[in-house]
Structures are given as C-alpha cells and as structure tokens.
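So that we are looking at the same thing, I have put the structure below in structure tokens.
For clarity, chains are labelled A, B, C and D in written order, and residue numbers in each chain start from 1.
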Amino acid sequence: MTAQIEILIIGVIVAVACTIPGVFLVLRKMAMMTDAITHTILLGIIGVFLLVHDLNSPLLIVGAALVGLLTVYLVELVTKTKLVSEDSAIGIVFPLLFSIAIILISRYAGKVHIDTDSVLLGEIAFAPFNRMKIFGVDIGAKAMYSMGVILIINLALVIIFFKELKLSVFDSKLAAVLGFSPILIEYGLMASVSVTVVGAFEAVGSILVIAFMIGPPITAYMLTDNLKLMIGLSAGIGAINAILGFFIANAYDVSIAGSMALMTGISFIIVFIFAPRRGLFTVIRRRKNQKIDFAKKSMLFHIMNHENTDRENIENAVDNIYKHLNWSEEFINRIIKNLIQEKRIVVLDNIYKLTDEGREYTIRSYEEIVESFSEESQKMAR
Amino acid sequence: MKKLAVLLISLVLVISFVGCTEKKEDNGKIKVVATTTMLADMVRVIGGDHVEVDGLMGPGIDPHLYKASAGDVSAMQDADIVVFNGLHLEGKMGEIFENLEGNDKSVVVITKGIEEKDLITDESSEGHDPHIWFDVLQWKKSSINLYNELIEFAPEHKDDFKKNYDNYMDELDELDSYVKAQVEKVNEDSRILITAHDAFAYFGKAYGFEVRGLQGISTSSEAGTSDVKSLADYIVEHKIKAIFIESSVPAKNIEALKEAVLAQGFNVEIGGELYSDSLGTKGTDAETYLGTVRANIDTIVNALK
Amino acid sequence: MNLIELFINDYTLRIVALGSALLGMVSGVVGSFAVLKKQGLLGDAVSHAALPGIAIMFILLQTKSTEMFMLGALIAGLLATGLIVAIEKNTHIKTDSAMALVLSVFFGFGLVLLTYIQKIPNANQAGLDKFIFGQASTLLRKDIYTIMIIGAVLLFVIVLFWKEFKLVTFDSDYADSLGISSKKVSLLISSMIVISIIIGLQTVGVILMSAMLVAPGVAARQWTDKLSVMVVLAGIFGAISGVVGTVISSSIQKMPTGPSIVIIISLIVIGSIIFSPNRGLLLRAIRERNYRKNINEDNVLINLYELAMNHKDPFHSHQIGAIKPIKTAGGKNTKYLENVLLKLQEKGFVKRDYFDEWAMTQEGIVYVEKHPMRKEMQYDSTN
Amino acid sequence: MTKSNNYVVEVEDMTVAYNVKPVLWDIDLKVPKGVLMAIVGPNGAGKSTMLKAMLDLIKPISGSVLFNGQSYYKQRKRIGFVPQRGSVDWDFPTTVLDVVLMGRYGHVGWIKRTTAKDKSYAMDALKKVSMEDFAKRQISQLSGGQQQRVFIARALVQDADIYFMDEPFQGVDAKTERAVIEILKELRTLGKTVLVVHHDLQTVKEYFDYVTLLNTQLIASGPVEEVFTEENLRKAYRSTGKILKG
C-alpha cells in the first residue's frame, strides 16, 4: 500500500469518525465547543509533561482528552448559573485554560520545544510513516487503527444510544422525564467529542478538526431533516471532502488537511446554492414560479368556492372574475389562459367551471398546503 | 444528490488536471530527505553528486511552524535515507521518523551521539535545547552520523563520500577558527548576545557569549513585562551596543526592547537580522551552512565591536 | 507608593499597562455588544479566519508588512463575519455552527496558501502565520497611538449611534418596524467588533483578545441592569485587568503578560458571578434559604387557588413558573417548589396534568376554602 | 376597485411562503377605520406571519399592503407595533422606562437623543398601563403580564393611528388581560384602529368588534356578529380540503 492510499484511507476514516459526534454538536448548538477544546488541550499536554518529563509519553494524549472534558464541564458549570450565555461561557473558559497553559510553559518549560502541534503529530502527510507493528510485522499506519477504533466506538455509541441521543437533541426535558439522564448523555457525547478531537488532531492537525466535525453535518443539514439520514449523509459528504481534498492537494502540492478543509467549505457552498429544497437557487427559482403557481391555485380555489352557489354567476363570471381577485386584467388573463390550456377549467355559459380533473387537482393542492403548514408548525414547535 | 456528486467530482478533476505536476524520474541517485535547511545543506555537501536532496522545509521556514504539503509525502515515500535533527525539534514528526528505521529506509538522527554534558538542558523540565547547529564543532561531530549512514548505504561511493566529508571537516574547522577569530574582535565584556527567542544557547556556550533571549523556545511561550524590563536593565547595565532580530520571529519583540532601553536614556542599536532556524534564501551569501554561520558572526561582531 | 515608583521607573510597565488598559477598555465596551448579540466567540473565529487574508497579501506583495497584513486580516475577518451572518440568515443553521465552519474553512484555505507560499523561491515567509500576532509585553509606543485613535473612533461611533445600537440589540424586529434598519446597524456593530479584534491581535495576541472581548462585558452585566452602566463598567473592568495583569507580570519573573491579564479578568468574572448583588450566586443562595424557610404547603396551595380563581375556575391549571406563594422578587426556586407540590399531590390536594401543569383537586379546594389564612392573603396578581 | 378612504389597512393578494410551504395564501383584507379587530385561527395558520408581512418584516411573494392608501414607508410613523413577548431576551440590561422610550425612537430620528418630553410621554404611557412604579425596574424582574404591559406602553408612545399587536394576551394574568383590553377599547374610542393576533376564541365576542378568521387562507373578515359564526369557525379550525365546499 502506498503512502498516498493510506492517507486517503486515513482521511476518510477521520472524516467519518468526526462527523458522527459532529452531527449532535450541530443539532445541540455546541459547535464552538470543538474550537474551545482544540485550544485547551494544550493545558492537558503541558500539565502531564510537567509530571512525566517526557515529550513522547502517551500519557500526554490522555491528559489532552481529560482537559477536553474539563473544558466541557467548566462551560456547563458557568452556563448553569444562567447568568452567562453559553457562547460567552466558552469565551471565558477557553482563554483561561489556555492562558494557564502558556504560563506553565513560559515558567517551567521555557527551554523545551513544546506546543500542541509538536506533541500531537497534526499532519496527515506524515501519518502513513507512523507505522503500527505487531511482533515486528508492519500492519499499516497507526492512525488507521487509532482512528478506526475511535470510528467504531463512535458508531457503536450512536447505534446503541440512538434513541436517547435523538431525544436529548430534540427534547431534553422529555428525555429527562422518560428517565434518560441528559447529563449522562451530555458527558457521553462530550467524552466522544474530546477523544475524537484529540485523535483527529493527531491525524489532521490543529483546528482543521473543526472543519471535519462541523462542515459535513451542516452540509447534510441543508439536505435533510431526518436524523438517521443526516448522519449517513454527513459521513458520505465527509468522505467525499477528504478524497477530493486529497486530490486537490496533490495537484497543487499544498497542505493536504488544509485542502480537505477547503473542500469542506466548497461542498457546503455548492449545497448551499444548489440544494434541492433549501438551496439558494431553488429558493429564488421557486419564488418566481411560486407567484404564478400560487395565482393559478388561488384562482382554482376561488372558482371552486363559488361553484354552484347562488353567487356563482357574479364571482365566477368571465367578465367579472378579475374584480373579485384584485389582480390586473393582464395577469388574470394569463392565468386563465394557462388553466384552460391545462384543461383545469372550461367556460360554460360565460362562467368558469372546473373540469373533473381540475376539481380533483384543486382538492389535492389544498390538502397539500394544509398538510405542509401543519408539518411546518410541528417543526417550529420542535 | 447524484448530480451534485458528479458536479463535484468533475470540478475537482478539472482542477487536478490544470494543476498537475510531472513526476521526477528515477536517476539512480540516492534519495535523501532532510528536514531543516542546514541538514539539507550538509547532505548536499557530503553526498555530492550521488545524492538527490529534498529539504522538507524551504529556506526561511521555521521548523516549529512547518506545514507539510502533498508533495512531501511522495518525497518521504521515495526516500532512501531520512535525515533529521532530533531533540524534538521536529516535534512528533521526529519520533515517527525514528521508527521508520528498518522500513526499507535508513534514518539519521543528526544529534545522536552528542554527549549529555554537551547538551543544554532545561533544569525544570529536563528537556533539551535542539538548536545544536550554532556550535560549529558540535555540528562537525554530528556530521559523522550522516557520513556513516551514507557509506553504509552506498559503499561503492565510499571514496567520494570520504573526500567530501574530509573536505567538509576542514571547512568546518576553518569556519570554527574564523568564528573564534571574529569573536576575538569583540571586547570580552561585550560578548553578550540578545535575541528575540532563545535559539543561540549553543553558540554562546561554544564561543563564550552570554546569551539572552526574550522568549522561550516554544512558539507557545510568551514574554512577560518583567522579562522585557529586566532584559532592558541588563542591556543598560552592561552598556550593550546592539541587539538582534531573527529571520523567523516578528521584529516587534526586539523593537519593544529597544524602546524600553531608550526610555532609560541609553541607545541600543538593532544590530541586524540573524538566521536562527533556517539558512538564508537562494542567491544570498547565507545560502549554505558555512555562509549562514559566517553571516551571523559577521553581523554580531560588526554590531558589537 | 511603591507602585507609583514602579510606574515612574519602569518604561515597559508604563507602556504595556497603558496599552493593555486602553485595549481592555475599548474591547470591553465594544465587546459588551458582542456579548449581548451572542457573538462572543467572534474573537477567536476572526483570528483564525484572518490567515488567508495575510497569506494573500504576502503573495501579492512578496514582503512582510505589518500594516498591509493587518489590512488583509481585516478584509478576511469582515468577509468571514459577513459569511457567518449570511449563512445564519439564509438557512436554518445556527450561529455557532456557521462560525465553526467559516473559521475552520478559512483557516484551512490559509494553510493551503501557506504551503503554496513555501514553494515560492526566495520568499522569506518565516513565521507568516504568527506575524501579525503580537504579545502584550512587547507593546510599542506606536501601538498605543493606534489603539487610541481607532478606539476613540469606535467609542465615538457607539456614543453617536447609542440609541440605535441599544434598540437593535434588544429587539431588531421592532427596530425595523420603526424604520431603523436592523441589518445596517447590525453590520455596523459587527464591523466594529471585527476592527477591534484585528487591532487586538496585532497588539496583544489572540487569546488575550478573545478573553477581552467577552469577559469584561460578562462581568459588568452582573453588576448592573442598565446598558450604559454595563458598557462603562466593562470598559473599567477591561482597563483594570490590563493594569493589574501588567503589574503582576512585571513583578514576577517569567510571568507572561497576556495570560496574567486573562487570569485577572477571569477572576473578576468569577467574583462578579458569585458576589454581585441581585444576580450573584451567594445572594441567590441566601435568598433561596429564606424562601425555603417562608414557603410552606399552605401558602402554595392558597396561591394556586387564587391563581385559578383569576380564571373563575378553581380547577384551572398553571405552570409551575406562575406559582408564586410569597412576594419576594426573584427569590424563586422551582425545584423546591416542585417538591412542595409533589408532597401536596401525595396528600391529594393538587394534581399534575398531562401538560406538566398543576391544578387543584376537589379536596384541595375544600381545604383552602376553609383555611383561615385565605381571607387575609390578598394575592397581587401583578407581581 | 374600492376607494382607499374607507379603509385604513388594505391587503391585496398577499401570499407568503417559507421555503416550499405557503404560510399565507392569497390574502385580501380590508380593515375599516376605528375598529378593534381580532385575528384568529389555529396554530400555524399564519396569524403572526400576516402581521409581520403587513409591517414589511417578512417579504411576501406577492401582494401589496396599503395604509390609508399609501405605502408602509410613507405611513410608518402612524403605525404602532407590539411584537410577541417571547421574541426578545428579557435578560437584556435595560429598564422599563428605557424600553418604553424606544417607542419614541422612530419620531426622534437617527443619532438624535430622546428629550425630557419623550420621557414624559413614556411616563404617561406607563401610567396608562399602571406600571409607573416600575419605571426604574430591570425588565428581567417583571412577570409575563408586566412585560406585556411594557410592550403595550412602548407602542402607545409611538402615538400611532394603527396598532398591530402580536399575541398580547399570551401567558398573561387575568388582571393584565383586563387592563390591556381596557386600553385597546380606549384606543378605539379615540378613533384608532387596532389589529390583534388572538388565540382565545372564548373572549373574541367580549373584546373585539371586528374579527378576521385565518387558516393559511382568509376564511372570513368583518364585524364579529356577522363573521364569528360557527360555520366560519369550523372552516377555520378544520384542516381538510372539504371546507372548500363549506
């Protein structure tokens, strides 16, 4: 296996492993927690280093993950007072922890070359050279295994606790009532985030982890509201970003992880513009079409409403109808021409009448509308 | 969804083709990857025509802040020999390189074999200062690591390597005496080197300079007001003529120091820019290790004498 | 006395303390709006997003120039902020996610550019990604002038548009209905936040700036309920932490200035959260204890009855938040109240319904109507 | 077409959609001067959306809104607005008086400060809602009903002719509800027009003289006794296509 292919595999594994907790972070509005953690793990690293005096100790990584959790705990603690909003809490906790780390380095490790980037590899380009050996037999890059394990754990957690996680995302109160401790789920999630961030930091480096964690989920969020689908889509998008990013990096001989992050941005923008339901294009095009479509439907509703009533010959009369819809004559003629062409209405004794097909269509459209807004209101309530 | 994927992929393919670079051919030379510019230079000198050197870090790149590009992967993969500094200069990267030994690659840790007593150690954390290259004799001693590896890897070129190596040794001796001679021009009391970050400790130890830096080695460390103040006091007290900026550290730190000194009614010059973590760029005198050390000592001596 | 001497003798202390104080003041004031608009994390986001701006400037100019780099950083920062707002406005994606995406993608792009620059021969790009990031201890006289001038402009704009800033931050829909465009005003506020962040990056560095944007505002919020006082207090807290942090840094060897300022402002925040009157945790705890002492099953029951009678229906149910058995403002402890209600439910006097609301039972009504306290307790429903 | 003079608000052919979903469908609404009108309909019927679209806070897909025959921008100073109480952060550091003063901002204009006169307007408005004792209070210390009164007072100082109120009775105590409705009735006697998004069907007849029934489409609009019929209500609150046939 060449290094290139291994990088691709690692990239895909990291991307998929990151998106799983990422989906829940996005839905729980805690995306910036990852940013905080990427900073504060320095404290874990320096703290453990001052105890073990060994820059190569695996304990440094344990320290990093623990401080990740500590960060979450402190942010929660501050937020829980209800005196400080969550974003402000993050904005207070992470500079504090990071500052303590800098003070420790400046005071006690001034002559050592220590920072997060140097302790965690942070460079996917070299990940394939970090070999995993069992009894002297080379079985592939270490990152494939470490991130593979994290991926499997994340996957397992999501599958096992899917119901609980879903509830905690959409209705933490209900989750509590039903006996799922939101705190336990919270910390379970955050432990997974913390371990994934540190693990992925090893592989792709610095704050690009954030792109891997948050990018694909919000891109998927533009495409679907279904949680399961969202997880699946994010994983797919993450993998595509990693692969395409890798090729771009190769083509231009630039940073691989950087290109993957850039690709994350590009794929988001493409979806942002072209997404089938929520994309910018669709929205703009729909706005245009909607006006005519809505006009047609309102015309049909109007005709149907007054069909076979005693006011029919006033409301639905060919000469009169524009008065009752308050549209310009020109516009109304266009709509009526359209509707007649589509065989939805006919003129009978100078009165517009629905065809059978037209009537069926009208009822169906109305039901659709009613259904769609009740869906919408349910979503809002959520 | 499918449309999107097709669109994305075609977009990237187009981009990739536009930017495609040609692959280097195999020309039978020994492929060596070196991390820093100093090491690349050493390999070039000793290996001569038999090696093809790929320096991961270009000129002017701070090893602490180096970011790999996609091309570095193939360089690493194709490499026969990997040369790096060690003592955690390359961070985690070094650790990985060390483990490459035996995977059809040879690995040279240039600082290997330097005795503990010659290393500069941080008392509180027991870590070592990796900026070994400013002590010319240590550098000379270290080169043996590369030389041994080269002759082991390609015994057929042993004679050429030996010639190059011996030449290099002579040049380094000459350089050492040049530095020492230059240092003599500076008053013994004035042999004080003040820079932005602590990269010159080995230089100081070897050539009798008192070395002071504003900030620790780690890029994460930060200076305090008292550090600026005490360093300023020190400059005034010892009537130091000049302080130096470094190629890879923002000049602001030294400017602040100068201002602090000026406020005490003493004027300290900014003596020029020193090369700290990398050699100079192509086309300058400091393109090679020899040139860089010369340039540094000239700058220092000119400013301080 | 000693301190004054210290200031007179120590130029660095003077400059750094002055610079940090000024910057603390400006970012405290501007940051108050960031806190209220929940844009507190913009500091860190902009500092990362600035990288491609710097890199592009370098590619264009091929030389290191602090001023041009700051311009590049500013443009990239504004662009990033604009994108964050655009994503938030046009999709259902929340600010935090938009921020995380934009900051990491921008940074990734910056990294791509950096590795591209590494390939340019003869380009001395060393330390490019740290180049514009200053340290508090190395503040220069000219930095102070920069902070003063830009700070004065920012403060002037805030005073000028005070009314609009307040209204838009509080109630943007209403502002629009009055013809005060919340879009324009928000854009102005965000731009000012970004400008102060960029100035801060160059003079004191990322972390200190991130903290200075949020912490003074948060601390000040605890002490006052007036926006004007909050903004002024935030400025004062920012300035105090700047001075105190610098003094500490200058009296202890190897004590980095920026981080020690961060620690001071964090202590101020913690102190404010615990000790401030009205909102503070300490007073809240004391009040809660008093509340528990005064609250009992009877007055909860009577209150629930009175509430229900407001609807002319003794069985009318209420949310727990509506139940206020004693009149002390703010002294509310829902959990405790819930326990009392649960006890009442065991006795069969009240009932929790499907919607999690509480209502009287027949027994409860009988109990209350016979209760001697009821006649005396006139419940004031406005409270 | 009808002459504008008779109506203070005229909505024509207004359609509003979020994404694919139409929220309001081809609304035609005319509001005569001096009425107290309730806008009722089931949840998600688009009541608040209609209010916001009329005030140009949401862009409709089609349709126009005229106030006294003129565009919203020309008539803005004559229009008062009470947003939903839940739409703002009540922990915002400001006092009751400050919030009420905000109602004067439209009159004061950009940059300029509010004057003592504005303040006395604000105090008068607070008196009207019996909140004068709370002028210096922080807004987070208010109960739901008190918050609502503050919002009403803020709209009162706008000194408008047409008032739009979004759910002013949502979650308030009975006393506030009575106080608010007294104020609304007083506004009506002063010849002002008030449109209120309302959700309590039981009180419509008691509080309002005009009513608009809404369920995505306009079901009916007019004097309460004419429009507030069981048949119309059934139309509005039943959500199947059958209602088309009445």
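Definition applied: contacts are C-beta pairs under 8 Å (C-beta built on N, C-alpha and C of every residue); 3 or more make two chains touch, one makes a residue touch a chain.
Not measured: the values here are computed from a predicted model.
Q: Taking CA centroids for every chain, report which one is farthest away from chain C.
A: B
Q: If you tally the C-beta contacts for B-C and for C-D, which one comes out higher?
A: Answer by contact count: B-C.
Q: On a C-alpha centroid basis, what's the spacing between chain B and chain D, in Å?
A: That gives a centre separation of 72 Å.
Q: Which integer distance in Å separates the CA centroid of chain B from that of chain C?
A: 44
Q: Approximately how many whole Å separate the CA-defined centres of chain C and chain D?
A: Taking the mean C-alpha position of each chain, the two centres sit 32 Å apart.
Q: When the C-alpha atoms of chain A and chain C are each averaged to a single point, how far apart are the two points in Å?
A: Each chain reduced to its C-alpha mean, chain A and chain C end up 25 Å apart.
Q: Can you list every residue of chain A that touches 2 or more other chains, as numbers and ranges?
A: Only 102, 106-107, 110, 249, 252-255, 258-259, 278 qualify.
Q: Would you give the residues of chain C that are in contact with at least 2 other chains, written as numbers and ranges?
A: 111, 114-116, 119, 221, 254-256, 258-260
Q: Once you draw an edge for every pair of touching chains, what topology comes out, line, ring, star, complete or other?
A: other
Q: Got a list of which chains touch which?
A: Taking the chains two at a time, the touching pairs are A-B, A-C, A-D, B-C, C-D.
Q: Under the stated contact criterion, what part of chain C meets chain D in this complex?
A: Chain C residues touching chain D: 36, 160-161, 163-164, 166-167, 169-171, 173-180, 221, 224-227, 229-230, 278, 310-311, 322, 329-330, 381-383.
Q: Please name which positions on chain A make contact with chain B in the complex.
A: 2-4, 7, 42, 49-50, 53, 55-56, 101-102, 105-123, 125-126, 128-131, 138, 202, 223, 240, 244, 246-256, 258-259, 263, 266-267, 270-271, 274
Q: So in the complex, which bits of chain B are touching chain C?
A: 57-62, 65, 67-69, 214-215, 219, 221-230, 232, 247-250, 252-253, 255-257, 259-260, 263-264, 277-278, 281-283
Q: Which part of chain C faces chain B closely enough to touch in the complex?
A: Contact set of chain C toward chain B: 10-13, 15-16, 66, 111, 114-116, 118-119, 121-127, 129-131, 133-141, 205, 246, 249-260.
Q: So in the complex, the part of chain A that touches chain C is made up of which residues?
A: For chain A paired with chain C, touching residues are 26, 29-32, 34-35, 39, 78, 81, 83-85, 87-88, 90-92, 94-96, 98-100, 102-103, 106-107, 110, 206-211, 213-215, 217-218, 221-222, 249, 252-255, 257-262, 264-265, 268, 272, 278, 280.
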